[in-house]
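What follows is a group of structures, each given as structure tokens.
Two complexes come next, and they have one chain in common, chain A, joined by chain B in the first and chain C in the second.
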Partner chain A sequence: MSASVVAQIALIGLAKSGVIAMLAVGIVLIYRTTGVVNLAHWAIGLVGVVVYVLLTGVDVVPPLPAAAVGLAVSALAGLLAQRLVFSRIHRGQVVTMILVALGVGSFFAAVSQMLLRGQRGEIIVTPFLPGSTVDIAGAVILASELITILVAVAACAVLLPWLKRSRSGRALRAVAQNREAAQLAGIDAARYAELAWVIGSGLAGLALLLLIPHSAGEQGGVLSVVHLVPLGSLLIPAFGAALVGGLISLPAALAGSLIFGLVQELLILAPPPISDQREVLAFVVITVLLLLRTERFFASNAELEALRS
Partner chain B sequence: MLRIEGLNVSYGPVQVLFDVSLDVGEDEIVALLGTNGAGKTTVLRAVSGVIPVSSGTITFNGTDITGASPRKVVQSGLIQLPGGRGVFPGMSVRENLDVGAHALGARRKRAIEAVLDEFPDLGGRLDQQAGTMSGGQQQMLALAKSMVLEPKLLLIDELSLGLAPKVVEQLLETLRRYVERGVSVVVVEQHVDLALSIAERAYFMERGSIRFDGPSAELHGRDDLLRAVFLTSTGGR
Partner chain C sequence: MSTKVITLTPTTQHARRGTALAVALAAAAVGPLLLSDFASFIGARIAVTAIIGLSVIVVTGYTGQLSLMPYTFAGIGVFVAAHTITGWGWPFWFAAAFAAALSVPLSLLVGLVAVRLRGFYFAIATLTFASAVGATLFEWDAFTGGQKGLPVSRPVIGPIDFAGDRAYYLLCLVTVLLLVWMVMGLQDSRIGRAMTAVRENETAAATLGINVMKTKLVAFMVSGMIAAIGGVFHGMLLQHVTRTPYQTPFVEAVGVTLVILVVVGGMRSPWGPFIGAAIIYVQLEVFRTALFLQYFIAAVTAVAFVVVLLRLPDGLVGLIKHEAAAVRRAPLRGGVRVALIIAVNVVVLYGIWRLSR
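Our next item is the complex of A and B:
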């Protein structure tokens, strides 16, 4: 096997890592600020994609502005989910929270299906990224995959310094680390919880928009209605990546995303019984991470107690 | 300055405060004492607006702040130093002070500089992560974080918990400097002798109600009340 084939698969893996990272960052932000294990994350991103499909389908709105609107709609869906549903559930009621998250996810998936009703089977999607390929030192990948990698890096390059240095970013971290202590410093915790949902859900919308098929020539790709499900296949590795940091450490979640994306693609090169089970592997890793209780490595007991109260 | 009248608070179906009334005057240090689970912290949390009040009124400097948001309470000059975990352990000392001063907006830089003059030890540790400091240093940071908001009244939930007497003395010295400049203080303490040594007046709570209200010296003589504290405080929180 030539080095360029491995490089090619690794680059495709990196694009996958980028999508996983954008999902995982949202999962961590939302969990830390509001205690919600957001199983509705995928469906909230899906709403943005459907709005994009509808807008481009009528040929009035050009693809890029339509993608921007789609992203904004995902952010809005997240804001509404927090304001109308999750803010009303007590943080300690973990099981209730998870069941409600599943319900909210099903709701948004159903909304997506309803919006696209009448378009059974397969839907032609107008791409907003070029369908061409790029040659990077012999490794040929889609331009959309390269752009996905660059967008993910750019998103992190903006978000992490903002969280670290700005007044709002620090306030958001304060709410994430200790909600009550943040409130006692005059920080409006409810507002910052909503901000976390807006950022996380916007990123989910962005990730899914980058995922739609951009490559099938002039006509654009084909999206199947069976893709309109509450839990998409990449949500599993995204949770796996987030769990590498115990759902609380962003840098660890990013490292986890890099590994999940790369390994899942590179396993294509493994012999058949293993290469066929790449999706299952993500579940195995998640189980191990849950058993390890990875949150211990990133926060003291006092911090974890504050998170749960 | 602070007047609480007939305060009732419930956590879900369980009522935890029963008709609590309490007064704090200008330039006064008041101790709020009681057995474990008597509801002392709940009183502070209700005043700060982080938990809802079932009934009763809380007024601060003549303004009704019952049910006000924590943000509004902070802006009125009523600041609480939370018990046990008052700092953000994952942040540096500098970030802690910056976040602590959030409500001040653009004025935070000057306020932080002023506080660092009062807490010189912290000046040398600005980039240290708060979680890696000793308990005493963390409590010093928590106190600085409260003072940066320029309180008129400071509510302290357990200043001395788990700290060595020497460290506590240092904290009290800093606190006294602020009191001399007109900051009033309500101190909730497990350590009864300490609280009574700094407060002129004391309240004693048991099972969600105020059982005693008067001069500290008088409470010192009330063995019937204080015995309960000594019996329970040996077992920790």
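Our next item is the complex of A and C:
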């Protein structure tokens, strides 16, 4: 096995990690501030992609601005979901909350299919990133994959310090840690909950816009039936990544996205029983993470109580 | 002159309710038969979906555990039916019992996880279980017949051949009614009450001396068995089965649709899945020609689902009970109200149907 092949697989895995990381960060951000386990995350991102497909399909808007509009639509969809639906549910009603998230996901998936006028099968999507390949020390990958890695790193490099240092970021974390105390300190909890939804949903839109329009390399992308369903093709790995940090810790979620992207891709190089069963292994890892109840390691009891009440 | 005061004793009320139910059931039984073979096929599909939906009632409606893998259990039933009925020539009821038995190890495993995990952790665990079973058991070509799938034949009982859609519809209807009756009995039994207690508050249930672990395990076993039996009937309905819908229930979106229709129908009543399935499948068939409208219906159904979750915890069954009570209290006002609701719905549906032509 030559080093360049390993490097190539690793880079492809990193690009997948980048997409998973952006989804996972959104999931964590929304869960921490509002207590919603967002099963609608994929579908909200998908609405942005569908708007992008419609805008580029009629050749009126150039691809890059269309992608920006798509991203904004995803963020708006998230804002509406929070304002109209999720803000009305009590945090203690866990089963209702999950079912509602599933319903909101189904709604946005159905709206996406409606916007595409019920076209069945695969829809060819114009890319907005270059389709050329890049040679990095013998490893040849698509330019769009390299850009995906860079965008994911940049998004995290902006978001994490912002959450840590800026006034809004600190307010957001205050709401996450103790909503009532934050409100007593004069923070508008409802507004920051909406901010978390906007950022998280925007990231979901960005992740899907980097993934789907470039999924077929030179030809652009293919929007197929595996994307057009409420849970999409990557939402479960993204939940797995977020679960590494107990849906609470962002750095741990980023480490998790390396497991479900990079490590999973690298296992292609492992001997047959393992390389064939990579997906099953991922499901086993997620189940183990669930059973470990990883949130214990990342939050105080008080914070866990706050999430559930 | 003396004024005669007529009061309805509980028994009379019960009898009236029984009459209403009998009329509704007779209509359900005869309606599709009078229409066409195709209507009977849809009727059978509704009945089969209601059977699989009953598994959701037991585990989610009664016990409060959100399992998102009913179609995995149904898949076991489907392929067991293909092998035992068509391959080995077993009678269908024996195949159904066998499928139910085979579902037990998997449901015990899921139940054991449910004992440890609560709320959304458990829901996500069932999602990964569904995917894992899809990637292993249903990937096994000898069991599922690979890409081509397997044929399933419909039963012949004595002189009656259930191969036709009309006869098969009646068989499914009888089966679903039998299961509804059994699930109703379960709700009133000791273990059924324990399930309700566990749903409302696990800690409180435990202090009352209820064995929470045993209750959950029983709920999962019963639920898995019902779903597997539903799978056997689903296999016989389709007559040819492939693995994809059971392997990736969320790509095919059937798993989500099932949960949605059960909640819209009413999660706490065994009639809920029946009503939910009837509404969704009849609409989908009426608007079959227009894909756009099908997605429109899916979007509207999702909105209805969220509204039901937020405002009507007992779904349409609860709404029907509420309106029926209103009619009993004030027959005229209540009757006009119900007639208006039905009229508005009929007009809206007819309008959409005309637009789709």
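Observations, loosely collected:
Just so it is clear, the second predicted complex is superposed on the first by the 296 of 309 C-alpha atoms of A that agree within 3 Å, B and C clash if a C-alpha of one lies under 4 Å from a C-alpha of the other, contacts with A are read in each partner's own complex, and residues count from 1 in each chain.
What we mean here is this: contacts are C-beta pairs under 8 Å (C-beta built on N, C-alpha and C of every residue); 3 or more make two chains touch, one makes a residue touch a chain.
What you see is a predicted model; the values in this text were computed from it and never measured.
In the superposition on chain A, A:199 makes contact with neither chain B nor chain C. By the touch criterion stated above, A:142 is placed in contact with neither chain B nor chain C. Once the two complexes are laid over each other on the shared chain, residue contacts for A:171 go to chain B alone; chain C is not touched. Judged by the touch definition given at the top, the superposed model places A:210 against neither chain B nor chain C. Looking at the shared chain after the overlay, A:280 reaches chain C, while chain B stays out of its contact range. By the touch criterion defined above, A:188 lies against chain B but remains apart from chain C after alignment on the C-alpha atoms of chain A. By the touch criterion defined above, A:125 lies against neither chain B nor chain C after alignment on the C-alpha atoms of chain A. In the superposed model, A:230 makes contact with chain C only, not with chain B.
Number of chain A residues touched is higher for C, counting chain B against chain C. Of all residues in chain C, those touching chain A in their complex are 60, 64, 66, 113, 116-125, 127-129, 131-132, 135-136, 250-253, 256, 259-260, 263, 290-292, 294-296, 298-299, 301-303, 305-306, 309-310. The residues of chain A lying in touch with chain B in their complex are 167, 170-171, 173-174, 177-178, 180-189, 299-300, 302-303, 305-306. Interface residues of chain A facing chain C in the complex, by the touch rule stated above, are 37, 85, 88-89, 94-100, 102-107, 109-111, 113-114, 117-118, 120, 225-226, 229-231, 236, 239, 243, 277, 279-280, 283-284, 286-287, 290-291, 293. Of all residues in chain B, those touching chain A in their complex are 45, 48-50, 69-71, 74-75, 79-82, 84-91, 95, 98-103, 108, 131, 145, 149.
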